[in-house]
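In what follows, chain A forms one complex with chain B and a second complex with chain C.
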Partner chain A sequence: MSVAVFDDIISKKIWNGKLPIQISLDPTENHAFTEPIFVILTLFFSYSCNSIDNMEASRCSYLPLVSEQLLHIYNGLDIEIINTEIWYDYEGEPLKWHYPIGLLYDMSGSKDRPWQITVHFRNFPNEKLLKSPSVEAAQDMFMSMMKQADFLRYGTTKRVMNLSKKDQSQLWESLSLDRYDEYWNVNQYLISDTDGLRYVPLRIYLPDQCPVIQEVVSFTNKGSSKLLGDVLNDILPDLFPSNLAIPITHGIQLPLDTPIDWASQNLSFADNFLHLIICKSVS
Partner chain B sequence: MNYRDLILERLTIRNEKEHAFHGMIVANQKLVQKVLTLQTKEKQLEVVMKTTKIQNETLTQAAEYAKAQGSPEHQHRVAELDRRIHDLNEERAEMYKTQSENAQRLVHMNEQLQKASETEKHNSAEIKKLTASIKQLGTKCDLQIEQLREKDTAIQILQDEIAAIQLEITTIEERNKKLEKENAQLLQRWLDKMNQEAEKMNEATEFYENFLEQARNVGKTIRKTSGGKWIMGPSSSSEKKSDQRSRTPTVVLPVSPIKKMAISDGELFCIKASTTGSMFATGGSDKKLRVYDAKTGNATMALGGSLQTITSICFDSTDELVLGSSTDNSTRIWHLGTQRLRHTLTGHIGKVFAAQFTADSKRVVSGSHDRTLKVWDLQRGYCIRTIFTFSSCNDLTLVDVEGQTLVSGHLDNNIRLWDTRTGNGIKELTGVHNGQITSVSISPGGDTLLTNSRDNTLKMIDLRMYNIVATFQAPSYRNGANWSRSCFSPDMSYVAAGSADGTLHIWNTLTHNLEKTLKDHKGVMCGVSWSPIGDYLYTAETNKNVCIYNTAFQI
Partner chain C sequence: MSTTEESLSKELDANLPNTNESLQKSFEQVIESRKQKDTSKVVVRFRAIGNAPILKQNFYKITASNKFQTVIQFLRKELRYQGSDPLFLYINSAFAPAPDEIVGSLFKSFNTDGQLIINYSTMAAWG
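== the complex of A and B ==
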């Protein structure tokens, strides 16, 4: 069983996964510091919006893109944002802005709908988060993940590197603008080649701030395609197979007999990585 | 179910849950957008309101202002008009100013114009004058040119004449030369003839003398009126007759003077018999050259003109001229016929002690204490040759009658012979004497020289061999003066010299013996001179006395 077929339906569903988010302003940050304008604004703001913004974010997208939208709204509302070092947190835990939002939601283990997170403009936690969460930085991180995935998959980054600048930007832009067809126009060159597959681009996240596991996993096991269960067994033999843990991605539990190459093709995030979260199983 | 279906089912369930809020969120977003737009609009309206308010205010202000001031248009017009009035006033003022300036300038210009016209009149008058003068000058100039032209032609003519005359002169000169040559030739022939006649006469006289001898023995007295040999010049040396030692003397030794004279006025320096024997002359410190009659001894002339002492005297060959050399560095020549001074030969820078005529009387040689001998040309009147003689010359004599060779005796005891043509020395005779030479005299034959010196000797020197033929001395003979002159007798038989004590000494030239001494003078004897015809011997002493002795053959 080898040839992984591009499953259009699955892929579309994965892409279109959206999360409702409720972003609240940090109330502590709206103290009137020095300027009276700020006071007026805060009053004004509190009057109009009650410091809440509801939006829908794509699971495959990134937080800095959300920040962009937020800024737009806040500027329109005449709310001055002095510090553009925006960061988010969920229940006190700063959210890593270079992870996809879907991954963050699943990692947080929250079942809220909408996902209630707070936006901060000051006191950027430099110890916990990477600095300067701008859209350009997110783009750079995204592209580096793509190259990693390409390298792991084929053993060279030539496919990514050979993309024209326009194609590279198109990857990111189509992601930020939610254009499935445009994205897959480019991305198909990167993952559709079934020859020379080497290792699976895979990242495994464990709860409680465990370090991320990124191990070398080959696609085939003595000629036949590996299954997810095999892979997990290789990596976490204590946990798999057993009833203790389940692999989750994109908010769904994956069956262990999923072929890994099919999963890599269809269940990857926008950066062509499979991000698996290991959760305690709920029996 | 296979994995795929499981996954699909799970995804669908997820989506149901998570997309529940989709509609609400969308609505929310829309509301937010609307709020934003409304807010921006509100802001814009506020801005507009503010600007309109301000505008309103300004307009009301302007309206009020306009009401107060009348319409702004009026304002403008009034202001403009005011300005224009002001400008026009200024312009007018300026115009007045310029007008006054111009008036002034006009006046000034008028003045200048007047002045200019005056000067112009003045100038034109001057110009007229100048043109007139130019015309005059032009005509004068033309005249001058004409005159010049005439002069040029005259010059041309004169030059042509000169050329013609010069040609004539040259032809005449040539003719003259030819004539001279002919003359010379004729003279020569005549002389030859005369010589022949003389010879014949000599032979006749010889014969006559022989006859006389015989007659003497018989006891007759025949007085010779003229005797001696006649040697006339210019004659070639081949005709010169040499002395014959064996001749019998034709002079006789004097016994006593026939006359004694005292010449007053100064010391006597020299005495000389004339060439013809008709007179003799003395010269001395009285600056006068006195000429006396040969026989009587009466003074015939006293020739003046010399500025100082006359040191030597010479008569020319025809006794027309006499010269006297003087210590005033000059030699003077007088013409005996007119008794007038003919020439003064100046040029020596020392005392002239001796001078002689050449036989043709055209030249004079003089010797001086400035160590030179000078040859003078009497026709031209100036010195034609100066011979430097190294030593002051005391006496000189010409060897030959043409005046080619000259002998001089010097202060340095030497005797020198010179060629007068070239001025070169021919011979220097040293060691002849031990004292300065005081006299040189040539024998009548011209080949023997008699020298007298302060070493108290007289020597006869043969001029061909330059050897001393004879020495004459005597214990009583002492040369008393630096210019003491001695001489031969005309027949070469005797030599006479005066001594310092006044004794006249006569030696025989053949025997070299002292033959006679005659003491008729008291003082130093300065000179003796034998008349060329042999009849008289004249002696002089410095103390003004002169004695005349008769030396003619007589019984």
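== the complex of A and C ==
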């Protein structure tokens, strides 16, 4: 059985994957400022509004952390935002605040750079989005995913539960502050064990509001390495193998001969899940 | 090619089925079939933690395609809880799934001996 090697270079590239974003206000919402203005923001977690060229969000991060930056900036401009039910849409479709930003972008099918989304402070779409998009709620959802990943991977959540409170908090904080080393100082305890591997933490997204796919996927095939193509053939035999569809993660098309254990170690998001989008092939 | 070969070739092209269309579903067709709701049922077992009220019946069958939100609302109704009464639900005493996660997926990934164990409490237990 192959032992997946942690690839520090790839892992760092995944962590550092950034998306240029342009956030505009909803012109139908009245604000303290009367004109709808394009607010071009730098979302580097050390915010500053200098240059149009430097506005990026981390693909592994979450929209409530972006909202936190927005609130800082508006407060700095002495603009009071009372309503904290902030939500975003892309072309009219509300964006799920508990999904990583890179996943949202790839799911949207947008090829825009920067990604043009609209922020709203009113009329929170309760039927389409989970309520209360605070940073605390996003952190809770993130930790829930970490525990799910732990349970899938090893059959118990003891690795996450055995972390000190400080270490557990450090996972989220280092994500929100973009501190790769601090994140991995803790996360290495959660994923480096190669004994007792059970199932791959994996979610698959099809277009058009299809239900999210989460199936039981073992790491190996009778002791030998399992490839991404094998996994997709098990779960979506009508699409793999064929030339109809391709798997995408972090904006890249993944080769079907990628070993699934290597992908899980190195291409997962900060929540330790592989999030794969299935797109129609353009042939 | 000779003219007979050419005309035969054209005739074959016109009459042979297009393999892509007839033998294989299109991408869109596969997506449509994935949208079909899974009407199978999965067994869910509720377990009270701490001071949470105990249900008379704690096994239920729930349709796999339901979101976890449905389970939350169902339990609240069974306990006759008002909207503001705190109630926290966990899977396997470990984590609280997002309300939009699908019961069928949770069952596949986390069931123990054919039951999805859902712990509930009136206070936050496992974060």
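Just so we're on the same page, the second predicted complex is superposed on the first by the 258 of 283 C-alpha atoms of A that agree within 3 Å, B and C clash if a C-alpha of one lies under 4 Å from a C-alpha of the other, contacts with A are read in each partner's own complex, and residues count from 1 in each chain.
Everything below uses one rule, namely that a contact is a pair of C-beta atoms (placed from the backbone, for glycine too) under 8 Å apart; a residue touches a chain by one contact, two chains touch by 3 or more.
Since we're looking at a predicted model, the values are computed, not measured.
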item	value
Touched partner set for A:Gln214, first chain B, second chain C, both or neither	second
Which superposed partner A:Tyr199 touches (first chain B, second chain C, both, neither)	second
Contacts of A:Thr157 with chain B and chain C, given as first, second, both or neither	second
Partner chain(s) touched by A:Lys280 [first = chain B, second = chain C, both, neither]	second
Contacts of A:Met107 with chain B and chain C, given as first, second, both or neither	neither
Partner chain in contact with A:Leu244 - chain B first, chain C second, else both or neither	second
Which superposed partner A:Leu19 touches (first chain B, second chain C, both, neither)	first
Touching both chain B and chain C, residues of chain A	none
Touch list for chain B against partner chain A, complex	2-4, 6-8, 10-15, 17-22, 24-26, 28-29, 32, 35-36, 39-40
Residues of chain C defined as touching chain A within the complex	24-27, 30-31, 33-35, 65, 92, 94-102, 105, 108-110, 126-127
Chain B-facing residues of chain A, complex	7, 9-10, 13-14, 16-20, 48-49, 53-56, 73, 76-78, 113-114, 250-255, 257-259, 262, 267
Contact set on chain A toward chain C in their complex	96, 98, 130, 140-141, 143-144, 147-148, 151-152, 157, 161, 168, 199, 206-216, 236, 238-239, 242, 244-245, 280-281
